[in-house]
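Take a look at the structures below.
Two complexes are shown next, each including chain A; its partner changes from chain B in the first to chain C in the second.
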Partner chain A sequence: MPVKIFLNEDEIPREWYNIAADMPTPMQPPLHPGTHQPVGPEDLAPVFPMNLIEQEVSTERWIKIPDQVLDKLLLWRPTPLYRAVNLEKFLNCPVKIYYKNEGVSPAGSHKPNTAIPQAYYNKVFGVKRIATETGAGQWGSALSFACSQFGLEAKVYMVRISYEQKPYRRLMMNTWGATCVPSPSTETEAGRKVLALDPNSPGSLGIAISEAVEDAVTSEAQGRPLTRYALGSVLNHVLLHQTIIGLEAQKQLAQVGDYPDIVIGCAGGGSNFAGISFPFVRDKIAGKQVQIIAVEPMSCPTMTRGPFLYDFGDTMQMTPLLPMHTLGHAFIPAPVHAGGLRYHGMAPLVSQLILDGLVEPRAVYQLDTFKAGVTWARTEGFISAPETNHALAAVFQEAKKAKEEGKEKVILVNWSGHGLVDLAAYDAFFQGKLVDYEMPQDEIELALKALEGFPKPNF
Partner chain B sequence: MPVKIFLNEDEIPREWYNIAADMPTPMQPPLHPGTHQPVGPEDLAPVFPMNLIEQEVSTERWIKIPDQVLDKLLLWRPTPLYRAVNLEKFLNCPVKIYYKNEGVSPAGSHKPNTAIPQAYYNKVFGVKRIATETGAGQWGSALSFACSQFGLEAKVYMVRISYEQKPYRRLMMNTWGATCVPSPSTETEAGRKVLALDPNSPGSLGIAISEAVEDAVTSEAQGRPLTRYALGSVLNHVLLHQTIIGLEAQKQLAQVGDYPDIVIGCAGGGSNFAGISFPFVRDKIAGKQVQIIAVEPMSCPTMTRGPFLYDFGDTMQMTPLLPMHTLGHAFIPAPVHAGGLRYHGMAPLVSQLILDGLVEPRAVYQLDTFKAGVTWARTEGFISAPETNHALAAVFQEAKKAKEEGKEKVILVNWSGHGLVDLAAYDAFFQGKLVDYEMPQDEIELALKALEGFPKPNF
Partner chain C sequence: MNDISNPFEEQEMRCPKLGGPVTFSYCCVEAVNLPCSRAIRCWCDRFEVESLFRRKLGDEKFRLAFEQPQPTRLENILELIERAKKINSDDSERSD
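Moving on, here comes the complex of A and B:
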């Protein structure tokens, strides 16, 4: 029985799986932030290249992966599927645990799976420069890597507090040739406005998104090379690109004659979860028995406690309104939360699948995630990203449950990235600085008041 | 043509290759630091477990890898052999470049290849606790990982300046359950002596080795669990464990029908270089045409400018005298040097192979190493450890030479580790803080004066 199940390069999936083709409930359209009417492709054209907009709205089940994209993905894909033999022995529960190791990419996470095609489609469309935002830096570094592969300029607006506390992520971006500035910056209207109110603003993902979008839509007028914006999660085309994870895992599990009873991924905006799970959701829609669990932090309980509403993608209300589980676009997780997955909303595709009962959301406590991560490191060896530890906490829960029920189960989990550049969070854990935290209900209700009077999606 | 050449787990080498069996010149023995007589196994017994001492002096050609070691190595081995297709296109030279990716291990480098067997043999011998030193932290983190796999305690004495400047490596050790203290510490006689002279001592590898050895040999008397010392390079058994790299590479190259004209590795103490090259040195001894290059920094030119002498392994003159190329045990590289490979000596095995004309040493300039690393990151994607960049600089030189000579060549290089925890060195490079530096001859001669009157090895 091998510990690692490889897929030959000629077995790499040649198409992405678009779950929009199989959704039991059709997706509800994004709405224009001003008119509240469904947005059309032309509304998005100043922000994204048209070839990606077409993917965003496509309902084709299979979308061909361009050869030039495959060539770049082959730098680290297919990724190995591991059997967590050491952890299984340690847990002593009737479970087989398989994990897909997305930490082997140059940026150390699943993010390059979409950064590479996004850079490619921008390049093909004639774009010369991509602007984006990043929080802790996973996405910014992945996009920087992808842009270096296609000879595009990359400009990353990085939340200031992360920029200062996580210099290694910025240095990764620099090594790949990208420019990274702390946000709020003086380079955009949005940034200057925030700085005028608070020169010491630590920044937020919402502000950084606003800066990057403004950079993209104003570039031509301001004499910069043709620029578009890129997002690392939430949107349909981003989740589409990540499905290569689950498609590979299906082939690898078939090699060893297994099929999961449970598929687990952590979910911030939803992209790595969608990547591992959507091919299995497809099987589930077709009648297969499989439990699919999306795991989020108790301190940012978007799926488990946020209602399904139309909300903005960003804090500054510049993006279209998306139908999604949300805690309100002004939501910021409590400072005690160290483990990523801080986005206020959840990808519309994932949100709809939760409503349809195909995906089971679960919130876990912070201390359980780090305990799971430390046990993982001391058994499987690899040190996980704090985000990934949320998925691992659910693996531990399911293993224990299998033992209690006396049932044998096969668990598949997405090991979405390593934590070597995020060790400060482990340090806080070891020093006893982290606590468990649950969002108070009145705070959630208060944050959602901003959405009163906005259109409601069907539920 | 695949970009990555995998080896199935059942094809992993089951034996290490011991080059001592094939050396054209027999190895000269280590000498006791006091008597200057050859040391016997019993002299080393307080420091290392006897099963490792037996490996250290073995002349058997093939040494079986224990099943329990193989089980742990399978967590990340066999490592993929990559074809550097993007770099080849960029260089536009008549070369095929293969690289062995040792960065996929949990600790991110080749070091666990020997940390795992060292922990295993200590465990089997009844040792409960291992003491070691670490400079930048690569070895300390690898040993911490290995000890966690076998349920051993690990105590790491980390050079104080690195301890303070590189918190991520220490955090990796903590995550794997090890204790890491800055050296000089107050926990050993050696440390207290240094602190009495200079309470602000930044520490050095030599001091840290002395502390770890003292910890090991005094543990029983001081009521600590049975402790032995472990070293991450230089010694015969360490190099032996690394040969799995080259043995795998030979099988992988055979899969694609290639054999290298040139094998390249960087060399500090010599272990990763030995790991990739010794199986090819064996072929060369048997008559095969292959050029084998060990690459070191101009600012620590042990092989290219250090004479072959008997010298101590540590600064405090506690270890046996080893026959090796050395700059003198008191040597410390100039502060401008950012790229690792700082050890004053070179592994006796590698040193002897240089004398015998089987290995070609080469020193490279610091700025060339970082330029090579940045180009690598922007073509192949992965960010290399600063040490690894020395090997890459030589790859660039050889590619250029092949073009000038109009000859097609196959190059194999050991990509010994990633640089994600060492990005501060890249930052210094981008900020223009690094310069090229050559050791002045009079400084080398001065450092070697300390060895006057000591026995000389045959040359």
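Moving on, here comes the complex of A and C:
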């Protein structure tokens, strides 16, 4: 029984799979918030090169991976598919667990799978410089690596709170030659406005996006080299590039004569989940029996608790607002359904697949994710990124369920990245700083009483 | 809001937007001195966060923070493009 299943370099997939070609419910073009007309290529042209915009709107099933992109992907791809033999022994459940190790990329995660093609297409289009935002730095470091491979400048606006918390990611970006600045910065009008209001602003992803987009759109007018913007998740072309993960996994599983009963990935913006699962969703659409699970945190869920009516605000005309989590994910208010539900922050393609019943969302508790990650490290050896631990927690659940039901199952999970620069999160777990559950009611009441009479804030 | 001490402000959570740990006090000012629009969703299992925000913000700021439609990422980018284009045209007018 092999522990690692490899593909030769000449077996790397040469086309990405575009699920837009097979969606049971075709995606409608988004509307421009200003004109309320369908978004066209020219609307996106100030920030994306046209070759990527074409991918964004494409409904071609297979899209050729350029040779120059394959040459770079070969630095770490095809990634090994592992059989988690030690974990299987530990769990003692009737399951075979396979995991795709995306932590072997130079940046340590799946993100370079799209960073490389995005840098390539920008280069071909004549772009000299790419601006982006990053939160904790996973995307920023991946794009910095990719830009260095194609001789492009990279400018990364990193949310200040993370910039200060995560020096190693910033240093990775610097090592690959990128310029990384804390956001809000003084380099854009968006950043200066925020700093004028609050010089100590910790920043936010929204501010960093504003800065990166402004940087790209104003680059030529302000005498900078031709700059475009890049995004590491959510958009269709990003998910497309990630499908190489699942396509490789299909070939590797075929080598050992297996096919998964269950495919699991964690889902924040949806890109690594899409990467492992979309080729299997295609099979499912064609009639194959496969359960596909997108895993998110129990805190701040977007997919599992249904549309949270705050998300729709005035458009729903449903004030006073009520938390509607308890309605469950099957509940969709009619006006939202008609307009096309988009789970907040989640890729539209993944949102639609959930609504179509092809993908099952699941939420897991924070403590369970770290327990799973620690068990994984002590059996399989690899220390997982905290978001990857969400997928591992679901693997544990499914293994236990298989044992309870007495059924043999084959599980495939995307091990989307290592956690070697996220060890502070493990430290918090070991120190008991992470909590899952509600505070006791008497503590809540005491706390709220303490707030009475406080002055209203000045904004 | 961070000028007001509150009993929850040092509680930590992994921020789904940033991919790293943040305290509740960060969530209270994430949207430039307004709370993050996801703050109620994220913290409602821990404590009565909605009541807290209603008390601290008042109706108008509560509405601004939580009752505005949340654009998708693409809509957000499109809005930002328009805003940046305006910067270009304002700069151009100034230089004329």
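Here are a few things to note about the model shown:
The definition used in the following text is that the second predicted complex is superposed on the first by the 398 of 459 C-alpha atoms of A that agree within 3 Å, B and C clash if a C-alpha of one lies under 4 Å from a C-alpha of the other, contacts with A are read in each partner's own complex, and residues count from 1 in each chain.
We adopt the following convention: a residue touches a chain if its C-beta (ideal position, glycine included) is under 8 Å from a C-beta of that chain, and two chains touch if they have at least 3 such contacts.
Worth saying up front: this structure is predicted, and the values here are computed from it rather than measured.
Residue contacts after overlaying the shared chain place A:119 against neither chain B nor chain C.
Using the contact criterion defined above for the overlaid structures, shared-chain residue A:69 touches neither chain B nor chain C, since it reaches no partner.
By the touch criterion defined above, A:267 reaches neither chain B nor chain C. Look at A:136: by the touch rule set out above, it reaches chain C but stays clear of chain B. In the superposed pair of complexes, A:364 makes contact with neither chain B nor chain C. Of the two partner chains placed around the shared chain by superposition, neither chain B nor chain C is touched by A:253. In the superposed model, A:239 makes contact with neither chain B nor chain C.
When both complexes are overlaid on chain A, the residue A:281 reaches neither chain B nor chain C. A count of residues in chain A touched by chain B and by chain C gives the higher number to C. Touch criterion not met for A:152: it reaches neither chain B nor chain C. According to the touch criterion, the shared surface of chain A, contacted by chain B in one complex and chain C in the other, consists of residues 424. Contacts from chain A toward chain C in the complex involve residues 30, 32-34, 39, 43-44, 46-47, 135-136, 138, 159, 161-162, 165-166, 189-190, 194, 197-198, 201-202, 204-207, 209-210, 213-214, 216-218, 221-222, 229, 231, 234-235, 268-269, 296-302, 308, 310-315, 319, 321, 323, 325, 342, 344-345, 348, 366, 386-387, 422, 424-425, 428, 433-435, 437-439, 444, 446-448, 450-452, 454-459.
Here chain C touches chain A in the complex through residues 1, 3-4, 6-8, 11-22, 26, 29-34, 36-38, 40-48, 50-52, 55-58, 61, 63, 66-85, 87-88, 91-92, going by the rule given at the top. The residues of chain B lying in touch with chain A in their complex are 2-4, 6, 8-10, 74-76, 86, 104, 106, 108, 145, 148-149, 167-168, 171-172, 174-177, 374, 377-378, 380-383, 420-421, 423-424, 426-427, 430.
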